[in-house]
Structure formats: C-alpha cells, structure tokens
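Below: one structure, written as structure tokens.
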Amino acid sequence: MATTTPPSMTSPTPPPSVRGNFASDYSSGVHPAILDAMVRENTARHVGYGLDTRCENAAQLVRQATQQPNADVHFLVGGTQTNLVACALALRPWEAVIATQLGHVSTFECGAIEATGHKVFVVQSPDGKMRIPYIERALRENVSEHMVLPRLVYVSNTTETGTQYTKSELEELSAFCRAHGMYFFLDGARLASALSSPLNDLSLADIAALTDMFYIGATKAGGMFGEALVIMNDALKPNARYCIKQRGGLLAKGWMLGIQFEVLLRDNLFFEIGAHENKMASILKAGVEECGITFAWPSASNQQFPILPNAMVTELAKDFDFSIIEALDDGTSIVRLCTSWATQEDECHRFVAALKRVVSSAVA
Amino acid sequence: MATTTPPSMTSPTPPPSVRGNFASDYSSGVHPAILDAMVRENTARHVGYGLDTRCENAAQLVRQATQQPNADVHFLVGGTQTNLVACALALRPWEAVIATQLGHVSTFECGAIEATGHKVFVVQSPDGKMRIPYIERALRENVSEHMVLPRLVYVSNTTETGTQYTKSELEELSAFCRAHGMYFFLDGARLASALSSPLNDLSLADIAALTDMFYIGATKAGGMFGEALVIMNDALKPNARYCIKQRGGLLAKGWMLGIQFEVLLRDNLFFEIGAHENKMASILKAGVEECGITFAWPSASNQQFPILPNAMVTELAKDFDFSIIEALDDGTSIVRLCTSWATQEDECHRFVAALKRVVSSAVA
Amino acid sequence: MATTTPPSMTSPTPPPSVRGNFASDYSSGVHPAILDAMVRENTARHVGYGLDTRCENAAQLVRQATQQPNADVHFLVGGTQTNLVACALALRPWEAVIATQLGHVSTFECGAIEATGHKVFVVQSPDGKMRIPYIERALRENVSEHMVLPRLVYVSNTTETGTQYTKSELEELSAFCRAHGMYFFLDGARLASALSSPLNDLSLADIAALTDMFYIGATKAGGMFGEALVIMNDALKPNARYCIKQRGGLLAKGWMLGIQFEVLLRDNLFFEIGAHENKMASILKAGVEECGITFAWPSASNQQFPILPNAMVTELAKDFDFSIIEALDDGTSIVRLCTSWATQEDECHRFVAALKRVVSSAVA
Amino acid sequence: MATTTPPSMTSPTPPPSVRGNFASDYSSGVHPAILDAMVRENTARHVGYGLDTRCENAAQLVRQATQQPNADVHFLVGGTQTNLVACALALRPWEAVIATQLGHVSTFECGAIEATGHKVFVVQSPDGKMRIPYIERALRENVSEHMVLPRLVYVSNTTETGTQYTKSELEELSAFCRAHGMYFFLDGARLASALSSPLNDLSLADIAALTDMFYIGATKAGGMFGEALVIMNDALKPNARYCIKQRGGLLAKGWMLGIQFEVLLRDNLFFEIGAHENKMASILKAGVEECGITFAWPSASNQQFPILPNAMVTELAKDFDFSIIEALDDGTSIVRLCTSWATQEDECHRFVAALKRVVSSAVA
C-alpha cells in the first residue's frame, strides 16, 4: 500500500523496531494519503461544526457509496460517542437496546448508553453475533411496563470476536426488526475489515438498505479519527445535530472529518485499507494454524484470537505487543492479534517465525 | 508569526481571497508548527486512549506551566465535551452549576449540562462576568432540598463578550467559593487570548492556584482540536478517565492531542498565538473607535463587539464574514468581529478601510 | 363544608389550638368524605398498579368532567413526580421546557426536570403568569442546535403567586403553542382553588380542550395524595405507563388513588373544597386590605401574599403559622397566607383581629 | 373501627368471595390497625414533606429496632422509587450496581436505575441469591475505564424467588463488599416475610449492622404504601432529602408514612404480619408437597413457586388468582402463589383441596 503514498508525503514506513505491533488497529497514526490531504487543505477557511463544503462533499460520497441519495450523514469523532448519540437519538427513556454480552455498547463503553438513560438488555451469544432467537427471548422476557421496551437491535460488523455477518443473516435480522417495530443499528467501527474480508458478501449499499442507521468507521481504517453516522430511517433524521451537539460530538473544525472521509471513499482507499489489514491478519492466521493452535472464534478479519499456553504468551510478549483477552482455567489464554493499515508484512512473518520457535521448543 | 513557521511546512498564508474572515476563531485550519509536528510524528506507534508518551509529556508541560506538579491533566477534543465532563465529574445529581446568562454552558451547548442531569442556575450579568453578589443571590434563592444545591461556579476567560478577569477578581471569586464549599471551574476555550491581552495580569499558575479545575483551549488557539482539562482539587481527581470515557471523550489516537499541546506549550506558542489574535483585534478596535462607533462590551481580546447601523452591516457583509449577535430595537445591531491565529494584518486594515468608507458615505 | 361529612366519620374539626395555620394547603390530613371512602372500601381486593376498577371508574369521571372521552388518565402520587413524568414523556433530550422564574418546575423541584435531562428555559414574569411575548423571546434566543429546542410550555393554575389564567389567556397561549409545534402543559396542583375562584371563567373541559396534557391536583384539595394526569394529545399517549413506572410513580395499591378521585369528582366535592379554600382566603384578604396593607401579587385564590413590616411578621408569627417568601430591602417581607380544606372560618377571623391589633399598635 | 379488631391481629376478614387470591401481597388494602391509626390522627396538623413529629417518632422506632442510634431514616412511597433513590444517592455516573438476573432492579423496574444513568451489571444466579463468586466475576470483568466501576451490591430479602439469606451469608457478602470498597444495599420490600420465616436467623439490627443502606417495606406488609430507607453509612447520609425530592419521592403529607411505620414497629405488628403471610404460605406449600409436586425454588416465605402441568394451571385458575411466572418447554409452568396480610386460612385450605382434586383427576 506504500505505493499509493504521494511523493510529497513523509514516509509512512515505521522506524525499524524490535517489537512487532499487534496491539490494536488504532495504535498507528494516519494513513499518508489522508494526512496528506489534511495538510494540503489546511490553509482553506471553512464554516465550523460540520456545515462546510468538505463535509458536504464527503456526505455526498457516502450517499453515492450507499446508494442512498436521501440519507443523512453526520461525522463524529469516535465510536463510543457515535454509539451513544445513535441510541439517544433513537430511543425514548423506557426503550432499551438489545446487544450481545460482547457488544461494544454492553461492555466497553463505561456505561455510556446507560448514562443517556437507556438499558442495554444483554443476550448471550457464543461468538458475539446477534441472532433472532436471542432477540425473541428478549421480547419474551420484556412484556409490560414493569420491564423496559426493547426497541433497538445493536450489531457490530465485524463483531468484537472478529466474526462477521453474511448478507442473508443481516436480511433476516433486518426483516425481524422491521416486523417487530424495532430499529436496527450497525456499528461499523471495523467495517473496512468486514467488507474486505474473503467471507464478505455485503456492500455498503446492502448495509444501508437493511439498517435504519449505521456508521462507517475511519479511526480503525487509517483515519486520524472519525465515524460517519448514516441515517436512512426518516423518523431518525430530525434534530440529529441537536443530539450530537448536546453530547459534545460536534467538532468545531469539522472539515477535518470531511477531508478524511473524502480520501477514504474516493478511489476505494477504505476497502484497500481493510484488505491490507485482513491480508496481514491472514498471514498470522495461517502461521497459527500451521502450528496446530486453535482459535477462540473463527475470524477472517483483522482480529485473530488464538488460544495459547500461558508460557508461550509470556515468551511472545517479549518481542510483540498484543492483548490477552481472557485467562482460561487450563493454563491457556485467549490472545488478540490485531492488524492495522500500518502493519508490515515483515512483522507478521516475524511473529509467525517466533511462534514456530516457541512451539517447537515447547514440544522439545 | 509566520516567521516562526519551520521551512519544511506548507505555507500558512491563506490563498488571496476577496473576503475578509472575522467569523470565528475556529474557521481556519491548524497552525503550521502544530500540523508539522503531527506530520513528523505520524509514523510513531503509541498506546491508545491518551496513555501514550506524547500525552504524558504534554501533561508534564502543563504541570510545569501551571506550577502544579500534582495536577491531573486530561486531553479532550472539544469545549462542550470538556464542560459537560467537568460538571459530571464534580457534581452529584442535585447539585447545580451557577453561570451567567451568557455563559457557554447556559446557552450555547444545547443543554449538554442538563443532559448530564444538572441544572445550570443562571444569574444575570451585564457583561457576562461572574461576580460575588450574583453567586450570593443564587445561594439565597436556593436554601432547601426543594431547590437545587449550587455547587460549582462556572466562569470563562475570556468571557463570551470578550471581557476578562483580573487576578484580584479571580482571587475574590476563588475565596468566596472555597468559603462556601463550592467548586470553582474556569472554561479556558479562549484562554490564549485572555492571557495575552494587554489587560491581563494572570498567569496559568495563578489560574491553577485559584480554581479547582480549568481547561486550556487549543481549538481556538491554532490547534486542530483539543482542550486540556487540568484538575488541582484532589477530590475531583479519582475516576476522571471513567467520566471522560463514558461521555465519549476518550480519543482513540490520543497522542494527536498530546502532540498539539506539546507544541503549544513548548516555546511559548500558545501565548504568541493569543497575542497575535489580540493584536489583529486591536487593529479592528482602533478603526472602529476612530469612526466614533461604540462597543456593546469593552474588550481587549480577540472578540470585538461594535454596534453598527443595520445598513452598514449589510454593506460590510458584502466583503467580510462576521456574526450578528443581536438586532437591537433602534436599527442597529451588535456585531462580532473575531480574529484567529490565521488572521492577516492586511485583512484587518481592509476591514477598517471599508468601515471608514461606509461611515463617511453614511454621513454624506 | 363540615356538613358534607358523613355521620359515620371521625370529626374533621381540628382540636382547639392556640396557633392558626396558614402554612400550606397540605398541612392538614384528608377530607373526611375521602377518608371515609378509603376506609369503607379497604376490604376489597384489587389488581395492583392502577389497573383496578376504582382507577378505571375515576378515569371515566375525569373523562366526563373534561368532556374528553378519549383522554388517557393516569393517577400519580405527587406534583413533582407528575411534572417530571410529563416532561420525560413529552420531550426528546434536546427539547426544553419554557417556564417562568416562579414556575414550580423552575425552582421548587430540586432540579427534577433537569435530572430527566431537560433544560428548563426560564423567562421572567412579574406575576408568575406565562405570556406570549416571553415565549417568543425564548424562541428568538434558541435558534440552532447550539441551543436547546423549546418544546413544552409549562403553566400552573393557580400560579405560585396565587394569580390565575382567564379563558382567553389560555386560548391565546394554546393557539400560539399549536402554531409553533409546542406542547402546552398545565400543572393543576391548585386547580381546585383556581376553578372555584371568583375570577375564574374556565372549566375542566376548557382546560382539557386547550392543553395537550394537564393534571388535576388532589393533594392540595383535601386528598391524602394524588394527581390525575390527563392526556389529550394522541402523540403523548403511548407508553405513558412505562414512563410512570420508570420514574417510580406507579403506586402498588393504586386503587387508593382511584377512590380519592372518585369522591372528589362525584358530587362536586373538588369544587366545593376549592371554594372553601378561596372563601377562607378572602376573609384574610379583606382583613389585610382593611388595614391598608398591600399585596405582592393580586390573588383571588387560596394563597395571599401581603407585604408586612418585619416587626409585624415577628408579632404575628407568635400565634400563626405562615411562610416568609422574601425579605425585601425596605424592612418589609412578602408573606404567604395559605388556606386549605381544613381551614376554619374562626381562625381566619382570629388572624384578621391579630393583624388589626398589630397594625394599630404600630401606628400608636 | 378499633372495635372490630381482634386483640392479636386486627381482623382481616375479606367479604366472602368465590375466588381465592394468591395474586400478590399488595392486592389487599391496609391492615386495620394501620388504617385505624391513620383515621384517628387525621385531624392533626403537621409540617409537610416528612419533617413532622410522626415521621420523627417512626424514625426513632426504626433506630431502636435496628440498634442504630445514628441511622438516617427516610420514608418513601414505593419500592422502585426507593431503589432508584438509593442508587442515585450512592453512585457516581460511571459506577454500577451488581445484581442477579432476578433482582428487582435488573428486571422489574422498567430500567429505573438506568434512567438515573447507572448500569445494572447482571450476574446469573440459579435461585436469585447473590454470592461472592458472582461479584468476583463482575469485578474481574470490569477492570478499566472502558468498563463501568461496580460499586453497589444489590440484594433483596426475601429474593424474588422466595429464597432468603442467612446471617452468615449476609456477613460474608458484607465483609466482601467492605473489603472491596463497595456499598452493600438490601431491598427489604418483603423483609417482614423474610424475618418471620422459620429459616430466618437475622434481626433488623443484624441487617443494619451488615449493610450500608437497606429498606423496610410496608407496602407488602399491610401498609397502604411506604418503604423506610435506613442509612447507616455516614458517606451516604448528606443530602439524601435532595435526592428524594429530585426524584419525586418526598410525600407532601409525609406524616401518613410516619403513622404507618409507627403502628408496624410498635407492638411487633410488622413481624406478626410477616409470620401470618408465611403461615398461610406454609399451608399451600404443605398441600403442594403432599401432591408430590415440586417447586422451582425452595421457599419458606410468603411466595411459593410450584411447577404445575399447564392443564392443572388452567383448572385452578378458574377459582384462584395467581401468577404464571414462566411456561417451561415440557408442558408445565412455574406458578407463583403469594400470600398477604389479608390471606385467610380458609382460602389456603380451599386451594389445597382444589389442587388435590385436580391432581387426582389427572391421575385417574
């Protein structure tokens, strides 16, 4: 991908480093093509708070990519902010979100949804994917004004386990939500990886057609920051800017968001970055499989979750950054290896080589 | 100030434009020294969410500049977000903010404070400055559990009218708050302009010594975004990161905030930018005064509020961007002229010349 | 009114007491006719949470009295609870209430509305009555997503100053609200007094026709507790019980509310109690006027607000309970004399006699 | 009315009725001894909002019964209100409640806790009782500012399944909470039944010594309404009345609460009512066991949960009111039989007889 970098740009090549970095997809800076555009346009003057021409142009690109000429598009800075704005926008106080126990809104947002007054009704899912029986159960358990009123189904794609939805799965969920008067919202923090995965059969247009609202994540796709909230359902359009402002989500120099999405959505960069992340992850995955190591969840995206003996974890942590998700009872741990726009092929190979060394010495 | 720009940088000179821009201090991009640092450090890898070395270094610079070695420093993206986080962090549900009717939290944040559950008890102030008698009245009017419990006094410096606080004024307010068990919080969105104004006798260290919490604004001082929340009061320190995360204010690539504050606080750039803004505004002010035109409020900072006949407003609006604050009953309007890091001396002189032309033709 | 007491009842006559009680209209127990019904029906079994036959019957009486066969009626325990439920039911997070500075929701509910996330936008009114120019100003000052969106106009009848609305005043406010897409809500905590005042030309049916929601107060009209929230606007009807339950306002033994409203609305007791309160207050008012003492606000209802020299206040406080509303700068205070269903004619005359004594000794 | 009351227990005789009522413990009116006191004291005048002598006296009785001379006692109207006030009083926005999936706050309060902004972190418990390993897991899963901060452990006694805590169980939970800086709160909506059960070894004083806050429920123990919130922890005492007022929980004629608790806590009536409820339930339980029918949960309190074939449920429902808790997959249902202060021995025997008839005809 380095070949797409404009010549004027500072080289994106990371300094030689002993450590390989699989810690997260937001631990490297900005994709050079994006940063270059931000620099080039820095001298222009703009109206504030997202009413500028860059944002309008980026919104138009989103409308084209989603085939939704009437969609409302709002650019926010981060994922938790976008999720809490979406829920505050859609729900009355007694209405609840349905999410799996691994959903970002259930667990990793410090009660942000509850802080807007809404319950997140948690359903259990082995792989983090939402399925109709879980929703049915939530509806069966909430049947009067003594319970909350489930109103919005939250899914993320990819999910927090690296798994992803097929088109037919989203179609079923969408139809079910519509039949039951519920909103269907998709968190696309890792949508670049999802839509570029070999397992993917979804397009941005499909997602827009099947959901009431969703967002396209730039933070984990090479952006400096930024999530584009796309609203198709007319009932959710009015006063969204009030909701965003009230939650502190209206960026003063909003065109910095617009510029990033312009670059991502023009010339396919968004999907190229996703494909790069997935390709790097596939090297890791193949190496793990060659070692006969299993995964906690099957993932074809930029997050891989091998289950490693704790001694191996300790050994690998000497040279590589990654996360320990959960220590299991049998002396192994679920580990997360996460790739980003900046992951180098070389560091993936180094990881695989190191893993093989550790495995063989463990065997020996 | 252009001379401080490193040679490697894209020129900060705006393209020749017919229109002069006094619309706001956040309508131009990023000061080149800041953007340059962001570009130079783009290839480095960092831990996310503000736990990186750039943020720690910037926090250390804040601690030095404020002479508060034990201060907690948190970097947030925008002003409304910072204000709502500060109030949510400080207050129990029944506790209220005291602010003037012109305070940013009273009026311009779409009820963000109320959305965290807290009343903003509004007191009237002719020039937007908080004074002890106003607070005393708020305390006198709220005396039992049937009313709210006023607990945090909010001031901004400069205020929304361009006025500012002297050291003795802040000392009195601070002493009063401490004597009455109230928190004293200063919104420093325009602190660069305030502390660089000819009327100023305050330092960052003074403000830190006199308040429980305050913030240093970068958005309106040449940053891309960013406000540094500085907490001196030990009671307000625990769990601030929880509060920030819950409100969607924890930036994933947090080092982008740290870098900006490093540049601003190293080598005095923060104050240079404030001084530049004020100097540009002083040209406008002198021109307005020469024309015998009065101001709604006396300001020595980067916002000037002349009262102009509506016909003049229409005429000037042909070539210049500025805001109409309030249409008065007598056919005049209060107008805001606002300068930024990017305001050019030339465009100020052009405005003054245009004003003189309009005035003389009105007289003729 | 003692004559309406059923013979079986415990005597409502208060024990002879040295002190006269004008402290409030909720400082005496329950009107005997109401208490008698509660006792008589105590052995019946009911479904919980307001779904019982007593509540349904009381709701039907409300629908008849208001000539609103399709109104939804909900019985809540207290006024603050009802106001906060009404606002939470009507408003999206960024929408605000407009109320005068004397409105109960503005001042005397410990920020209950703000605790549901909504700003109360306060407008100044000399006598506590809402008027169209105040609303217009609120609309003029809130014009974009940087400000809140005013959406519900709150009035109380009688107001907190004892003043009240005429039919034409309510008609104008109602028409204005409808023309501007705002909800019109009337707090009827003291509606019994208002509708029984000599100045009144409104009926329950008028109020129902002119507002979107209002409530009929029983607590200050001889009930043990209870406010009947009446919803005419179809948009506000869905899920009101969810809203009430969520705010802790669904009484388990809900029929205790229904019974009280049955008694109040059958046989005109509600209006008789209001008339009694007003008649008692008119004795006080006439006595005050005879002494040449002026009132802070003109009231023909059960609250009277004479302005008394502080020495007189001290003297009268020896034998009578009443409230000091505000100490003025000139050595006088605004005092509130409040009558209830249980106020005795005799204690009113005693107050007047005492006042005359105090006045003449002050003159002498 | 006192004359109709038998010496030990005021007569609860309901009118002869075809239907037996095991629907709930809040579907009958007020215990005659309580109602009698409310009637007798109706003529007295009081200060409003719980500052009266009756409430002070009742609070004193609570302090004596709990052996907590310094406890703060507040009287609220209902259970959901009390739970939400307790959580709002104890928690900062990012702090969470830990409760089991059957906890009243988790499920049956329409998201009331979330509406105050707090997450209820749900842990799974087969019988609804809280245990240390569940809390440990909650702590293990919430370890940084990306998750909530668990701060208050919620238990109810009896629980929602009729089970109850032993003294040693509460001691362990209490010690664990204190060791981990968490508040321990006990919902005593059914405390009368719990403390009068044959399995009980707890006193009010034990509960007060082991928790930070708890409440004593009157609604389900013969009261018209009312829950006494008892606060031992000094950190939770300040400004509780603000919190109660803000949530609409301050009853205007507050002495109506005080009177009820005076009667309940004087002369042991609270425990007599609990014992009566349990004795009635034990008749049902014995009858169910004689039929060889099993229970979903083991209960020695006033709620019994037999698992009945659906055909039997239909048959019994012709003559008796009770709740169906859950329809199981095997053609049976968990049913709740709930007794109250007003349950008659005769109707319990009638139920047992009916059950035996149904069982034997099913066998035949």
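Before moving on, here are some points about what is shown:
Note that the chains are named A, B, C and D in the order they appear, and that numbering of residues resets to 1 at the start of each chain.
Here, contacts are C-beta pairs under 8 Å (C-beta built on N, C-alpha and C of every residue); 3 or more make two chains touch, one makes a residue touch a chain.
Because the structure is a prediction, the values reported are computed rather than measured.
Here A-C and A-D are compared, and the pair linked by more C-beta contacts is A-D. Distance from subunit A peaks, on a Cα-centroid basis, for C. Chain centres here are Cα means. That of subunit A falls 44 Å from that of subunit D. Rounded to whole angstrom units, the spacing between the C-alpha centres of subunit C and subunit D is 34.
Subunit A and subunit C, compared by their mean Cα positions, are separated by 52 Å.
Multi-chain contact residues of subunit B (touching two or more other chains): 93-94, 109-111, 115-117, 145-146, 148, 242, 245-246, 250. Note for the complex: subunit A touches subunit D at residues 93-94, 96, 107-111, 114-120, 122, 141, 145-148.
Those residues of subunit B that touch subunit D in the shared complex are 49, 88, 92-94, 116-117, 145-146, 148-149, 239, 241-246, 250.
Across the complex, subunit C is touched by residues 1, 13-15, 17, 21, 23-24, 26-30, 32, 35, 38-48, 77-82, 84-85, 109-112, 115-116, 219-220, 224-225, 242, 245-253, 256, 342 of subunit D.
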